[in-house]
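For reference, the structures are reproduced in the following blocks.
Shared between the two complexes below is subunit A, which pairs with subunit B and subunit C, respectively.
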Partner chain A sequence: MIKMIFKQLWNQRRQNGWILLELIVIAFFLFTTSAEVVRGSIDYMLPDGYETENAYLIKLKEGSKFRYARREREIRDSIFQSNFNLLLLTIKNRPEVEAVATVRDDSYPGSGSHNSNGFVSDDTASIRIKASLYMTFIKEGTTDLLKVYGLKDARTGEPLQLAEAKLACPQGIVSAAFARQLFGRTDVIGEKVHLGKKLPEGSNANNYFEIVGVYEGYKRSNFQAPSASTFILTPNSYGRNTSNHVITYRLKKGVDGKAFRERIMSEIAPDFENTPTAIKEILSFEESLEWFNSMLGIYIHYRYTAVMLFFVLLCVFLGMTGTFWVRCRARRQEIGLMRSIGASQATITRQFMTEAWMLVTIGFLIAQPLIIHYIHGLEWNVIDLTAHYWQDSKTWLTLATDALIYILMVLIALLGTWFPVKQASKDLPAEALRDE
Partner chain B sequence: MFKIYLRQAWNLVKQNKLFTSIYVIGTGLAIALTMILFIVHYIKFAPIYPEENRGRTLVIRRLTLHYNDNRGMYQSNCCSPYLGKYLKEQTRAEAVAVFGTSNTLSPKEIGKPGESNHSKGIIKMVNADFWKLFTFRFINGKPFTDVDLNSKQQVAVIQEKTALQLFGRTDVAGERILLEGKEMKIVGVVENSSVATPDSYAAAWIPINDYAKQVQKEGFLGNFHISLQAATKAGVDSLKQEVIEAFRKYDADHPETTHELKGQPVENWLSYYQHDKEVSVKEVVLKLLYLLLAMLFIPALNLSGMISSRMDQRQVEIGVRKAYGASNLAIIKQVLGENLALTVAGGIVGLLIAYLIIATCSQWILSLFDDTDLYSFAGISPRITPEMLFSSWIIGCAFGACLLLNVISALIPTVWALRHSIIESLHSKQ
Partner chain C sequence: MSIIKLTGINKIYRTNEMETQALENVNLEVKKGEFLSIMGPSGCGKSTLLNIIGLLDKATSGTIELCGTEAMTLKDKELAEFRNQRLGFIFQSFHLVNSLNVIDNVELPLLYRNVSAGERTRLAKEVLERVGLSHRMRHMPMQLSGGQCQRVAIARALIGNPDIILADEPTGNLDSKMGAEVMDLLRQLNREDGRTIVMVTHNEEQARTTSRTIRFFDGRQVE
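Up next is the complex of A and B:
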């Protein structure tokens, strides 16, 4: 049957040529439009590494009256510290709050800022990796970062618990990708990591930390793959700039987040209005990620792809319907003859559907050299900090995108063919042969 | 003759309803998408209130500052307000507008003193030249001036909509208003603008409060965008050179740092495509052509296939016409004319669909080709004005697209159909 259909296609090569040309152009266009979106969607499906539900962050600003007052630097710092600690305790002591953590302004999901650094291990100083550097400040003797973010242990998948660190040694937790890249394994608790380069023994610089936990991963945006990353747990504040400090909190289950946010703004915020730690805004983790994705134009990219996908698939549908409708009209006698010698409606429909499938397949295969040429020339935006997921490979991504667009094109083409063929095969043989 | 073609086309429509429907839908779809592409770009590039001087405007959006002692570099998407002052002194620009950027914008509280009900809207910090470069029409009062800026006056200009929301009237110059908790005096009310013209849009405009501040160690990096207006369109190129020269002079006087301009200042329209790197006009034109080609070429192939099949069915008719002395050119004209009638019908449908989509989905459709979506995130819908939709350029472009679609879809199948001799054509049914 396939051989016969090939012959049919060849005999009608001029009419088929148009639709074939259209299918080649569409396969190429679909690929160029959707490859990055396919990659983003696969990244989106990877676990975030944190729990966004019930998690919020408070951004701070200097109160306007405080901002313009001229004060000595030391006095400003001390006013900042005392106000910050007071605000932190006020939030922490609310009965609705389960946990509170202070982080640097680039260390919460959806932050617009980002910091990356080079790292070396204590033993194998020749290996140097690049990773995202996040920071949480230990305020009032503790940080509840693990509870607020809901980071998971890389080995057990359970909530992460901190191992006991050596006395007076700076601490940090690292992602599984970080551990694998630097040590080749994930059981790295107790290992020492240096920022930038290993300084000589006795050096005063505080540029290292001991690993006290390994978490699964942490995504800056839910549309990006998690990068190799580390959270440094530091007792020191990072600078004295208000905007560098963000308070994050997790609410107890069942607490209405929006109502609590309004309560903070009406009951707590006015007390801090003219201090260096005035509340600028409160966002849920979801809102923060939403803002980040909007800023990066990720949604625009998806919308654009959806519009283009809809447009070209509708073109395929109309093209197939039109071509097969015209062709069925031209081949009415052939259909009548087939019916008169016993071919069922199903047989005729199947033959035409097979023709449509073969056309799509041939067009799709012819488009492949163009697609390969395109993907090779593409400036690949792989974040060098990611743990190199399969979707970052051009070959694998090409295969995945190809599979998707092929399935879509076949489905739409079959749908577009089925309607006119079904109509044509309903004709009675005598009626169809009357023109003969 | 054209009347005959139209009558013939109408008869063919009646005979082949399904063909006509598919043809008109296919054409309508192609024209709708092409027109959406055109209208979205028209709104961004054309002289539209209050950005009527776009044709002679140059913009600086982002700067990189290199420390010459190998201490690295800083990148910023925005500039310092002082750069505006400096360029005003160093160039012959008619106006140098300095204004807050969309990246830092989020709706702020706007209200009346003593009232607890506050609404939210964009508050933008601008300099006095902002009112020269953007052609706002004042309903009441007047813009603030350099004197207000330098003396740090707490004044504001508000939009008509904001005035109506707060006071129920527009003659409110002299009234007091609360902007983000700060009381200010309203000095002017302007006609409403749309977020579709994002550089100028705001619910209220206030003077830049640190305009007098001198340049810091960060060079000209800061939180503002800068637009420069040349006196004439012809003066744009020389103004560009003057700006580059001003930067060169500044860097020569400050050997510790060097500013990287990345091809800036650029014409207003080109700035929409310059995100992280310098983009040439050629690259932008190629990108748009690729899109246009996809939007017109794919449906054109579709239509060509259908017309080709129909021309096979009309071989006898062509043979008869040729036998009675019709030239190939006359037949080509006839087929193109018939198809043009269908294409124009599809074009009208497409244009109406494009208008409908833009009017109903303006919140996201206008940002379809942008790199950021923050206005949409802030929940601000662009107001679409008739000026944006019913321009002679838009109607002309729709007709041009129809004509192009018609020629590329119908010409080749018709020429192919004419290759047969009269005898072959007359016997084609046997």
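Up next is the complex of A and C:
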């Protein structure tokens, strides 16, 4: 049957040529509009790497009266530290709070700042990767980043627990992607990682850190794939500037986050108003991500892409179903003949559906060089930090998008064929044969 | 023994405005091996009758028995099988599939019978040889004359080895020479293979060469 259909398609190549041309344009058009949607959707579906529910962050500012005193350099640092620690403890000691953590201003979900760095491992110095660098300031017995963020162990999926440190240097936790890129494996507890480049032994003890945990990917935005990243756990604050510090906290289950936020603003914030650690605003992780996505124009971009895709799909649907519909109706007489020589309704439907499938497949295959040319010429809008996910590979993304548009095209063609063929094959053969 | 038996066949075409009685109480028996011609003026119901015999159209009432089978009760799949295995059609306008060459057109009925490709080709070559078109097997229908097209249609009707051949004005679109050739072929099939043939024709001369002629007027059998 397939051989016969192929012969028929070939013998009518001139008429089918127009349909094939339409299918090639459709395949190319569909690919160009859906490739990014495919990638974006896969990125979105990847786990965030943190739990946004009940998690909040407090942004700080310098109180207005403190500005006059900040020139006093000697006292500035100690005033900042004492106020910062006091605010941290005040939040931590509230009964509604489960855990607090202090991080650098680029180290929370949805932060507008971003820092990336080069890293080398201790024994494979030739391999150098670029990864997002996050910083958390450990206040012994007070802060708990793992609990506030809800970081998960990459190997077990359970809440991450820090391994015991063996080296006299800062500790850090790395993402699974970081570990895979630098070491080729995720079992890297106890390994030493150098920032920037490996310096001679003893030259700078803070230039490297020991890995004490491996977490699942951590997303900067929930619409982006997680980058290879690391959190360096340091007891020292990064600089003395208020804008570099953020306090994050997780509330106990069942606590009303909004009410608690209002309580902080009315009960705690006034006490710190004239200090270097005045409370600027409190955001939930969701709000922070929302802000970040809006700032990057992600929502507008996806809305625009979705509208475009909708119109493309509508045009493709109408165009393709129309073509296949007309094609079937035009062959009503042939259907009558087929029935008169012994084809059942099911056989005719099957034959026409196979024919539609073959046409789509041929058109789709012919469109492939165009698609490959397009994807290779495309300026790839990914930073190399996230290039370890399969959807960031042009080859894999092409295959995934191709599979999707092929299924779509086949479904539309089959739908556009099924109705008219079913209708035409139900007609009495004598009537169909009279059709001119 | 009757191979075709029609009893009380009526066919009424209904539209919103009117009803047209195309056939009225037709009773007909055709014996196995008979060559029956149906004659009558245009619009008298000859082709409608042939279509009903060939199960291409439905009678409004009456019963049809073909090869001992009550045909009115057959379901779509059974009908398809019956047409494929027991009936062969020859149409005035040939009804060849223009996108297939001669041999593929001839093979079509066997395709629906799931005969292997090799066997299909062998049988198609055999029947094309018989209708004198073995040298045109790879030609497209558009490259053939009317007479040759009708021979292809005859070959297609023959390939399934049917019990009954139904021909609707098979020479209607042909000149007299080609028409005569086609008639010779049909007579040969009837005489040598003993095939039952029912043919609609306007041509008195051709009708005289068949074993029996019936005449229709305004949907009624008059002779």
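As a convention for this text, the second predicted complex is superposed on the first by the 337 of 436 C-alpha atoms of A that agree within 3 Å, B and C clash if a C-alpha of one lies under 4 Å from a C-alpha of the other, contacts with A are read in each partner's own complex, and residues count from 1 in each chain.
Everything below uses one rule, namely that a contact is a pair of C-beta atoms (placed from the backbone, for glycine too) under 8 Å apart; a residue touches a chain by one contact, two chains touch by 3 or more.
What you see is a predicted model, and the numbers here were worked out from it, not measured in a lab.
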Figure out whether A:304 sits in contact with subunit B (first) or subunit C (second), or with both, or with neither. first
Please work out whether A:312 is in contact with subunit B alone, subunit C alone, both, or neither, and reply first, second, both or neither. first
Can A:22 be said to touch subunit B (first), subunit C (second), both, or neither? first
Of the two partner chains, subunit B (first) and subunit C (second), which one does A:325 touch, if any: first, second, both, or neither? first
Scan A:372 for contacts with subunit B and subunit C and give back first, second, both or neither. neither
Is A:8 contacted by the first partner subunit B, the second partner subunit C, both or neither? second
Broader residue contact with subunit A after superposition on the shared chain, subunit B or subunit C: B
Give one of first, second, both or neither to describe whether A:290 is in contact with subunit B, with subunit C, with both, or with none. first
Subunit A residues where the subunit B and subunit C footprints coincide none
Residues of subunit A that touch subunit B when the two form their complex: 14-15, 18-19, 21-22, 25-26, 29, 64, 281, 290-291, 294-297, 299-300, 303-304, 307-308, 311-312, 314-315, 318-319, 321-323, 325-327, 329-330
Counting only contacts in the complex, subunit C reaches subunit A at residues 48, 51, 54, 56-58, 76-77, 79-81, 83-85, 89, 91, 95, 97, 99-101, 104, 107-109, 111-113, 117, 140, 156, 160
Okay, in this complex, where on subunit A does subunit C touch? 1, 3-4, 7-8, 11-12, 333-334, 336-347, 428-431, 433
Given the complex with subunit A, which residues does subunit B contribute to the contact? 18-19, 22-23, 25-26, 29, 33, 103, 106, 181-182, 294-295, 297-299, 301-302, 304-306, 308-310, 312-313, 364, 367-374, 376-377, 416
